[in-house]
Amino acid sequence: MSDAFTAQEMMIAVAAREIRDRELVFVGMRLPIVAYAVARNTHAPNARGLFEVGLMRDQAATSYLGTMGDPPNVAGALWATRMSNVMALMAQGAVDLGFIGGAEVDRYGNLNTSYVGPPERPRVKLPGSGGGADIAILSRRWVTLMTHERRRLVERVSFVTSPGHGDGTPDWRRRHGLLGGGPSAIITTLCVFRFPSGGGEAYVDSVHPGHTLAEVREATSWEVKIDADVRETPPPTKAELKEIRARSQA
Amino acid sequence: MTMAQAIDAFVADGASVALGTGLEPLIPFAAGHELIRQRRQDLELVGPISDSLFDELIGAGCVRRITAAWVGNVSEGLGHCYRRSAEQGVPRSIEIHDHTNFSISMALWAAAWNVPYLPARTLLGSDILGTNPNIREVDGLVHISAVRPDVTILHVQRCDAQGRAHAWGPLGISEEAGLAAERVIIACEELVDAAVTLSDPNRIVLPETKVVAVVHEPGGAHPSPVQGFWKRDHVLDNAYAAESRTREGYEAWLKRWVLDVPDRQAYMTMVDVDSIRITGNRPSEPVNFADE
Amino acid sequence: MTMAQAIDAFVADGASVALGTGLEPLIPFAAGHELIRQRRQDLELVGPISDSLFDELIGAGCVRRITAAWVGNVSEGLGHCYRRSAEQGVPRSIEIHDHTNFSISMALWAAAWNVPYLPARTLLGSDILGTNPNIREVDGLVHISAVRPDVTILHVQRCDAQGRAHAWGPLGISEEAGLAAERVIIACEELVDAAVTLSDPNRIVLPETKVVAVVHEPGGAHPSPVQGFWKRDHVLDNAYAAESRTREGYEAWLKRWVLDVPDRQAYMTMVDVDSIRITGNRPSEPVNFADE
Amino acid sequence: MSDAFTAQEMMIAVAAREIRDRELVFVGMRLPIVAYAVARNTHAPNARGLFEVGLMRDQAATSYLGTMGDPPNVAGALWATRMSNVMALMAQGAVDLGFIGGAEVDRYGNLNTSYVGPPERPRVKLPGSGGGADIAILSRRWVTLMTHERRRLVERVSFVTSPGHGDGTPDWRRRHGLLGGGPSAIITTLCVFRFPSGGGEAYVDSVHPGHTLAEVREATSWEVKIDADVRETPPPTKAELKEIRARSQA
């Protein structure tokens, strides 16, 4: 197995490390499904995955998943139920960590997956929230994964589908009645952003191997904050890469 | 009853139709294709995530309004027909009532319990509050108005002729969509004897009093998966995503897979069924309903 | 874990406890009797109809508040301990939060979805609106405040050691009571291997993350019925109704059937089990969860 | 089989006749369970029974039921589900007819099953609503069965658990937002009361064989209205008695 890794593999490895052992993780589509499997089979053997389609699991599926509803994700599930029951657990604060995809994110972690341009005649019509806004509002903390491009990391999203830390003022979420803690990280193809506790603006916490802060600045629309202790993101381990590659589509 | 008969009899132009309530599995594609063949107009489509079914129907010009959490295709995200419609009005403009997965479920439970709205803790801080007239903030909660489909169409694994449907695996919002609807059409992989369905009344998804048609439609959910019967057909998922990128590509796809196909039986002859058929057996342990 | 250990560890004095959520079958009498033996005080009992279990607990002086739709016994209606408590304060007065079956379900769904209330169309025109402070009329609807049990106790047919419970037959309000609760205690007829429960994840009543204790307690629902295991014991139902008419009769009943009995195993030796044991087999048809 | 019949058998037969073929009937405890079985096996072969415990049936149970949740009522059911799903059907107006028991009824059909005397220290504490108030408010029409005694048929109930036609003024139910049509009959051990359409006061429609209007007047707290065409209640038929007796506890 090659130790060289792709940007996507780096993102999945970072996402997997966000999952702590024994946590209940709301697993969305695509990369987070793989991240859950990696975490489960490496450092978080007791992490459970919750899927809005109506599933709970404590083991990774044994074969490739195109979606969370594919048959291998159902076989061996701990619970097959209605979506509204899964949402009940999240509304109660039982979901420790959620993953959300997005087309655009801003410096306060707000996500747009609905409209670029005016909703009545958008420049780009995106697919919509799915469960994204629910996760953003109700999970204890959440993480988004995104290709690092200027058109995706924007000063302010034109439409807030899934609220992050709002306008970045202290305690914005609590003041607006949002139950969950909001985004804790933005994982991109170049770096990892994190947020101060209580909300506010994203800062660069680590830069992926082979990339530079200059690249990050260049590919971000806003003037990025850099953590004083910024470091290099630890590359995917052999164990992580093995799990990731076992779950890529043939 | 055939799917053509069921759609003809129970889905009118202008109807509100809930489809794809399983989110990703059990999507009633056969019913959607029949809606297109019968040139239904001005439909309101209700659902959470619907694989690419809503995108296909939008492209075919059948849709007046989308009341859903997500419209795209599961292979690559963006729904190209949805984009063309919203961005360019091609083939027609549609009204969009944005939801989240949680809020569309609550909207259907509101209709099921016959209340005008249910309150929820989601959507606070989201701009969806400003674009969907049926969702509003009240005293720090969000009130989600009831959504009452005229008809809900479910694909299930097995059903009897009297409408007692067994579905298994994750259920998404199928139960509330069926209870909320005026009437329900069931498509099933296997048409079974009532002795099978009534052997396990807990697995019956909906009261038979809601069901107006049962269609025996093997493969009717293809390319979405059906636990115990069919894997997802990634190849055809990907093909739709690629071909629908242009209007011409979509029209060629539509001709080949829908318009030139008389029914689901003919459609299934065009699919590489051996690559997606589930042949294993992983049976549920029986339970004992004996009363003496 | 034994029932005595589970009650000791997870039900404190003053707790709000949902019991009897099956309405008439699957009533966790063994848990109720253990609450009495451990002399729990100041409990709030939450449920719909609870056979005679709530009446028994009221008579034993364990109860501070009733949040329920109906308290009596199914043989003759009137709950004699409930009457003595409400009419004479014997053995103590209780606070009564009247509900209907529908409204207690909505109160639990409100807690499950973590909203302060759900609206409903019931209770309009009923004087219950004037006596329960947690139910009020708002704009032509009735708002039912959330009820959040500290613990819900369910009796089910089978469960594994990790808390995956299979129940069948009518489910009453068991699902919402479990989801609404902080924690759940499961009592089961059969303690089975995880391979059995996970063979059918659709039949798992609640997420295992809610379950704090699994007690293997055959007969734990007696005299209420358990589909596939036990018929209703009409003889003992009737005996309770008759004996509890007087305080002395109730106290004799309590001594004989609860206080002098160390545990459920001993209790079952006092029951004519042959007359109520279900011996037939009426198996559910298996379904196939295979994925390839 | 004896043609003589008890007052209870007469009540059950009348209750069964209230059920029309193809109706969905919300069946409560005790006598109505038997009434459904009688109707199903005589004049209403396509009537379905709905049970709040979480069941739907289209056939009578094959052996004695102490309650609607007894095992013979589950075996062969058309649907075993949650109570809230059954209530959903009733809230939608899908339940044609409901049965409710009660301790007290008044001339407008209001039922008390909660408190005789002040709720804070009642003279008699009754068991409460159960599903009674739900049926009273939401089913299209409903019927109550009661032993005919002055203490039960009272001028005004002291506590309205399950609303009938309220204060008897026209359209009281509609004006108060109650969705269902309200009580259509009170079946007692002596007679059958019915109500004018749109609500109002109960009137005697028929008197059971062997009883007289004088008895009815004597055993009722209010001055009863009598229909101009008051007749004798047709006695239980042989077929009805056979079904009733097959379902009495051994």
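A few notes on this one:
Think of it as A, B, C and D in the order they're written, each chain with its own count starting at 1.
In this section, contacts are C-beta pairs under 8 Å (C-beta built on N, C-alpha and C of every residue); 3 or more make two chains touch, one makes a residue touch a chain.
This structure is a prediction, so every number in the text was calculated from the model and none was measured.
Among the remaining chains, those touching subunit C as well as subunit D are B.
Chain pairs B-D and A-B differ in how many C-beta pairs are in contact, and the one with more is A-B.
Among the other chains, D has the CA centre that is most remote from the centre of subunit A. With each centre defined as the average position of its C-alpha atoms, the distance from subunit B to subunit D rounds to 41 Å. Measuring from the averaged C-alpha position of subunit A to that of subunit B gives a distance of 27 Å.
The distance from the centre of subunit B to the centre of subunit C, with each centre set as the mean of the Cα atoms, comes to 37 Å.
Spacing of subunit A relative to subunit D, judged by their CA centroids, is 57 angstrom. In subunit B, the residues that touch at least two other chains are 106, 113-115, 120-121, 141, 168-169, 171, 175, 202, 227-228, 231, 278, 282, 289-292. Shown for subunit A are the residues that touch two or more other chains, namely 55, 70-71, 74-75, 77, 80-81, 84, 87, 91, 179.
Under the stated contact rule, the graph of chain-to-chain touches falls outside the line, ring, star and complete shapes. Pairwise, the chains that touch each other are A-B, A-C, B-C, B-D, C-D.
The part of subunit A that touches subunit B in the complex is made up of residues 29, 51-55, 66-71, 74-75, 77, 80-84, 87, 91, 101, 114, 119, 121-134, 136-138, 159-163, 166, 173, 176-179, 249. Listed in rising order, the residues of subunit D touching subunit B in the complex are 24, 48, 55-56, 63, 70-72, 74-81, 84-85, 87-89, 91-94, 179.
Listing the residues of subunit B that touch subunit D in their complex gives 112-115, 164, 175, 179, 198, 201-202, 204, 206-209, 289-292. Within the complex, the subunit B residues that touch subunit C are 106, 113-121, 141, 157-158, 166, 168-169, 171, 196, 199-200, 202-203, 227-229, 231, 278-292.
Contacts from subunit C toward subunit D in the complex involve residues 22-25, 48-49, 68-72, 74-75, 77-79, 82-83, 85-87, 96, 98-103, 105-106, 109, 120-128, 131, 140, 168-176, 224-225, 227-228, 231-232, 234, 237, 278, 282.
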